[in-house]
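Should a chain be cited, it is by its letter among A, B and C, assigned in written order, with residues numbered from 1 in that chain.
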């Protein structure tokens, strides 16, 4: 819907902005406000020299949010709640098995394995949700439990270290993995696949009648989600610099919140990865500001829940308002 | 019939900003047909009568002198108006429920005994309408989706009639219904009118309106273009009015 | 009868799985059917089934409630805190369940009136609730459970000659009430209708916002009851006590054959699902698996069970 508005020849810059506004809701406004507050209260942390570290800190959440989006965009209850556990599993395999046991720490192998694990689990989720047709939340709940259990079994307690190159991806070079994910997504957006995904997400019956292979399109959305989750697992590994079984799963629900905050409709077919990323950055900036003021994590939690609810309520009201405007015209 | 009391009072009703308002009485025992090209106001009109769409101007009233003004669907039903929606699958049936449930759901309070739904009471009510509408359904406990389209439509009609309305609004009631069922429905409609009910039928088939209705309201561009009764009712008249040609 | 029996078949299927699991456990593990083990399973199963009442209703109406674990934690901590502060226990329960109803009503009201996905709304509201409770207690809840509630849920308790605590017969009565309410009250029938076809419901005089508000309030109320019962079970308050119930309530509902798309299902199925989950847990721990592996196997079992009878329709058949 947004793509049509922006690319239509009559669209001037104002409708384009309006389209972004429609797509991402209140997340960009929140982003600007929170960023201003953060820079004001803590200029050192947000100085250009510290950007690497800063992005590295935010990256796992942003990565998790981006990863959660494709499955949701596919619609009809599409969702992948195993994103967090995939990150935790990749973390455990990379640090414990590849680096510690097998001594393989070459970037190509590590990145290759992380992506392959993500793709494989994504394919499993896709198989369960689209070919076996188990309701996605239940199917990925199964994978969630399986992955959390397996990770805890092979890695009962935090351990291990990571090579320097991986560590640097959580610091000075932290933009690389995020940039890579975005490049891949920009590539996907140029494929007919992207249009198919959005069509399936907004109306799968119409898409099916129009000859779009609905099942395949949805299956691939889970694979993409899995691959991105694998990369997000690397970002998390780079940040924590060790293997820790308890951190990964915590990303699932916060990532879905970020996605919703970023204007991605949980009903599918509306929103994008940019919105999801902005939603995640909002949550990160909120955490950052509240932590600076030395608020307890309890206040942080309340604020995070409240902002989530208020933002989606405002987005819904904005939709209604825009809908009424269009009705009058 | 012309001197029968009015059941529905339309006063100064306008369906769209700028459209000419009109007055209308629909009398008890009368079958009124609505015709027009798709989207020319007959849909908006029947939905306004049902309280589903607020009028741009004017109002619809019921009661002795039309003093009860219809402001919502709930109010319309309480005032003795029943409505059969057009799209059976989208806004009619509850596909995962039984025939009995589909029949009784809108009047579920009437089967209550000591706070609980009495299965016997519900069955008794259903059986009355099953016979009256000759619903062909072997077992009312079965899913509504096991019935043919025509029988599903009869169950929905039974649901509407269970309100015991004074006015029955039918939005394209024979759409996708087989010919045998149509005949049953036509004779039921005539019986209901003979018993004093006012019927408003939106039909997409002119022949149907001609066969069934005492009066045909033709809509054009959100306005009431003509009200044709008795000898004025002819397919030529209706069609030329629909297309806005003076006849 | 076709669909009716298929719904009943799902319930029977889940029950048969529970029985089969129990027989397997009895042959594999010594003492699996011992009195203590049976009592423990009945108590744990009852607690899960009570926590899942709300999830069942919410799923039938076409929603999902992720706030259940947070409300359980809320009730658990607030009850201990208030009772420890000297308030009359009956009054404490009234206050806690009443507050929970308000939380749930807010969930339902926001989701339905603004057409927002309940998954996000309940998650957001749940997070706020949890944060508020933590803030109130500073993260260290104090207080205690009254003797009566501990006895009510105690695995060693008995009711006359019945070797089970009062919780179990009370739960059976509750299950009967819920089942009758779903089948024979206007609320129950409207709940199914609204879940079955939300667009047709208003034309059948069903008020979607009122239904959602009431249903989520009921869900939160039973979550609060579970939180209070868990306080008696563990003896001391713990804000995270509800966390396992986040996914277990959904799993129990789905294993019991209630479809997440709404309009279909039964509470009896959920009870069977809760039994299945309790049996699997006990069995896997009994054969010596680590809790982490139990979790992994549970994931596989849920997927396998649901793939037998909980599959969605192909898009082709929905046109």
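Going forward, contacts are C-beta pairs under 8 Å (C-beta built on N, C-alpha and C of every residue); 3 or more make two chains touch, one makes a residue touch a chain.
All values reported here derive from a predicted model rather than from experimental measurement.
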Chain ID, smallest distance between chain and overall C-alpha centroids: C
Most remote chain, CA-based centroid, reference being chain B: A
Between chain B and chain A, distance of the C-alpha-averaged centres to the nearest whole Å: 50
Separation of chain B from chain C, taking each centre as the mean of its C-alpha atoms, in whole Å: 43
Euclidean distance of C-alpha centroids - chain A vs chain C, Å: 30
Touching two or more other chains - residues of chain B: none
Complex contacts: residues of chain B adjacent to chain C: 73-74, 77, 83, 85, 90-98, 101, 104-106, 108-109, 112, 115-117, 119, 139, 141-143, 145-146, 159
Partner chain C, residues of chain A touching it in the complex: 76-77, 79, 128, 132-135, 137-139, 141-153, 156, 204-205, 208-209, 214-215, 253, 256-257, 260, 265-267, 296-306, 308-309, 312-313, 316-317
Sites on chain C touched by chain A in the complex: 64, 66, 110, 114-117, 119-121, 123-132, 134-135, 139, 247, 250-251, 254, 259-261, 290-300, 302-303, 306-307, 310-316, 318-319
Chain B contact footprint on chain C (complex, rising order): 1-4, 180, 184-186, 189-190, 192-193, 195-197, 199-206, 263-264
